[in-house]
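The same chain A turns up in both complexes below, where it pairs with chain B and then with chain C.
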Partner chain A sequence: MSGNRVEVNQDLCKACRVCVETCPQHCLELGSAINALGYQAVRFDSVDCTACGMCFYVCPEPGALTVIKGEDA
Partner chain B sequence: MRKVLIKGNDAIVRGALLGGATHFFGYPITPASEIAQGAANLFTRSGRTFLQAESETSAINMIYGAASTGARVMTASSGPGVALMLEGLSYLAGAELPSVIVDVQRAGPGLGNIWPEQSDYNMCCKGGGHGSFHNIVLAPSSGQEMTDFAYRAFDIADAYRMTVIILTDAYVGQMMEPVGFPSAVRHGARKSWAVYGDESSRQNLISSIVMNQTGMAELNIMLQEKYARAARDLTDWDEIETEDAEFLLIAFGITSRVASTAVSHLRENGLKVGLLRPKTLFPFPSERIAELAGQVNLMAVAELNNGMMAQDVELAVRGGCDVRKYNWYGGMVPSADELASRVREDFNG
Partner chain C sequence: MVKHAKPKGFYDTFERKSSQGGPESETTHYCPGCGHGTVHKLIAEALEDFGIKDRTVFLSPVGCSVFAYYYFDTGNIQCSHGRAPAVGTGVIRSLDDAVVISYQGDGDLAGIGTAEIVHAANRGENMAVFFVNNAIYGMTGGQLAPTTLLGQETTTTPLGRLADREGGPIHMSEMLDALDGPAFIERTSLSNAAGVMKTRKAVRKALTNQVERRGFSFVEILSPCPVGWKLTPIQSRIWIKDNMETIFQVKRFRDREEGSRGTGRMPLMGDEELKELLGSDHGEEARKGENLETECRVKIAGFGGQGVMSAGVLLANTAIGEGLEATWLPSYGPEMRGGTANASVVISDEPVGSPVVNRPTTLLAMNGPSLDSLEDSVITGGLIVVNSSLINRKVRRDDVKVVYAPVSDMAAEAGFLKGANVVMLSLYLLEKGVPGIQTLKTVIPKSIKKKELVEVNLKLVKAAEEFHAS
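== the complex of A and B ==
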């Protein structure tokens, strides 16, 4: 396990799915919970994240995604 | 020139700063939010002013106030936000105040979604608000043009005392490309008509109200003359493979990038297809399109709306040749192959 992860600010996400479709490791998916804006915010649940940052770069919502590189990566 | 890989929206902010923007008033909206974010960072760090308004209506009226004092002002939004600014755009036109507004178009109507469309064409190119007015509308198609057009926009706005709208879309705004930057920072000069709160500008009055009919008519006539001058001096477009074209594609923004690739594919297959890409949507390159109507057999306008630019093309050709409409909605952007196959059908049909 690398410990790499993506933190999603649930209330900034508009569920556009660009990160879901861009992630080469398929680490992101639409969640089932409805956020404050009324969207099904993206959820991160994976051990395969390489912290490549592509989700961060394609996300149109500044501040919605934070990519954190694990200490043992 | 050293280049940096950045989003189109970030390229706008840097171009604006280098072009001499002094004030940014805005309210974030997807897919334009990086512009407000970048301005909050870079405007403040470079000694300029950034202020997040409580709404787009507030932002456009802050623009009016600051432009009155000679500042080089800008805002950025998307269709729903620009729609809220239309009253202010009319007042800016009436008071002849220069400003720069970026519209990163998203799909509509209503809240629509955050994917690219070009359906703010009529709203931006036909004035938008009440009264007989226009804005100068620039249509960048790359990250480089986002910087270049933002860099030029403030000089154009000051020269014509008009609002310059940079009409881009979610695709170009979000796409990352290598962008080079001009080396010289521009600065606005003191404006003889502005109010600076000093003795020499005390007699100046910024207003759009003219209560007598002849005065209001004279203002309108002067505005139309100014728009005609802008049409003579600013109309700009690109052409690809038009010299011997029998079929002309017309597209702007992201659609022109797709069309450019489609033209390459079609030429490889021996079809004489050309592309005209307006870089200014107002003023519109009507005269050149009318000339080409005498050369080609068919024109097609590819755009992410219900044929808004196609209406301007039809007006330009005045029945001189058939004009087909290729339209996409909702954030759907055609592939080069899809567009090429549409052209092939009509070319052979």
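== the complex of A and C ==
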């Protein structure tokens, strides 16, 4: 396991789904919970993340996504 | 290890809605899937990586990105619609070390501000322009923009844009590429991740050019407006690819190694040179280390032809010659003679913030109408000098100091009626003491263009001195 992951700030996501479509490893999906802004925030649930950062760059929100590279990667 | 996180080019919290607390103080105001957020992020990341945010002046336009100043932890100016390149010109020419970013949408840049961007580009002005092109007026609800595609439906072209009626889409990058000035022009697209990364490169290139003083850089970014286009964020990215990119070619138009033509730092005139030019050795002596207590805001008003403007210039030059800061702002109608005119002069120990004078500390009234219209605007404790040759009435107020002097008659006596302005100006200097009358005497020969008039003007200064002494 690489330990790579994307932290999604559930409060800040506007559910545009651009990251979901962009991720080459299909690590992100739309969640079911509705956040304070009224959106179904994206969820990260995968072991395939390569921490490539694509989701981060396409995401229009400054602080919604944080990409973390696992220590043993 | 955190590899990508919110760039430090942004504020931690966004003040716009921070009073409400909650997530709105950390999100932008942009709609879901808007391209602005992505471009903001690329810029903010570069500001952090290059370590330049403390010397960056970010110009917000009018449009959806009007609130950029809530997000970027830089110097910020929110500009009038379309005028950001003109504001940027002022910033870069007065702040030599600034990194200037003009961030504009297509309505702002290609519609309302077409003239500003063309001329700034043509001058190779040292700034980075990020032109976010989404082919629509987004903020106002999706009207036709200069870059709207042919056939594209907008609220003002419900049946689609028609070349015969609205003209075709304006290609700004191509247009600016026809000019000699720009150093760097590239059009990128946010249609997919590869496009975003190319945009990132272009943004960083433009900002590198800024840091290296290579002149005018222009990055046009094809950007989605899902709400305005009535598409989902995903569909809108496909729409860019299928429609916009076929009309607006994505490519690097120009990358001039040597930078903009003629770019380089403009020779700045230092305070010392300026003082030397208007030169006065009396300055420091006359002031005897005395500082101005407050900013002096002087209004000189009269008929056109009475020398109101030149008196203002002379006053400002005298102040500068004495090492003070000064501005001069003329106000007049279309006629060169006979209309009413006034000049605003601000004199200060500090750099002057605004040259506009609404509440003068001193009014120099050369004629009746000027006194009538401006008497009430003078601050309590202020000074009014009245040209009693032409103004028969007394000043109505009793909370200002008033000097009555027949300046026109005095000038006529010296055989030079047009010199009434110099008499008036001299009286002001004699009343205030700063700047000094001695400085005026050294500035006159340098400031007056017709050299044969120097002598008579100096004579008028002397006449004013005699009047003041009596």
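Following the convention adopted for this analysis, the second predicted complex is superposed on the first by the 73 of 73 C-alpha atoms of A that agree within 3 Å, B and C clash if a C-alpha of one lies under 4 Å from a C-alpha of the other, contacts with A are read in each partner's own complex, and residues count from 1 in each chain.
Just so we're on the same page, a contact is a pair of C-beta atoms (placed from the backbone, for glycine too) under 8 Å apart; a residue touches a chain by one contact, two chains touch by 3 or more.
Just so we're clear, the structure is a prediction, and the values are computed from it rather than from any experiment.
Judged by the touch definition given at the top, the superposed model places A:Cys16 against both chain B and chain C. In the superposed model, A:Lys69 lies in contact with chain C only, and not with chain B. In the superposed three-chain model, the partner touching more residues of chain A is C, compared with the other of chain B and chain C. Of the two partner chains, both chain B and chain C are touched by A:Val58.
14, 16, 57-58, 60-63 are the residues of chain A that lie in the contact sets of both chain B and chain C, per the superposition on chain A. Note for the complex: chain C touches chain A at residues 1-7, 10, 22-24, 26-28, 30-38, 40-42, 44, 71, 190, 192-193, 196-197, 200, 226, 232-234, 237.
Of all the residues in chain B, the ones that touch chain A in their complex are 7, 28, 30-31, 33-34, 37, 113-115, 170, 174, 176. Residues 9, 11-12, 14-18, 21-22, 35-37, 39, 51, 53-54, 56-69, 71 of chain A touch chain C in their complex. Here chain A touches chain B in the complex through residues 14, 16, 57-58, 60-63, going by the rule given at the top.
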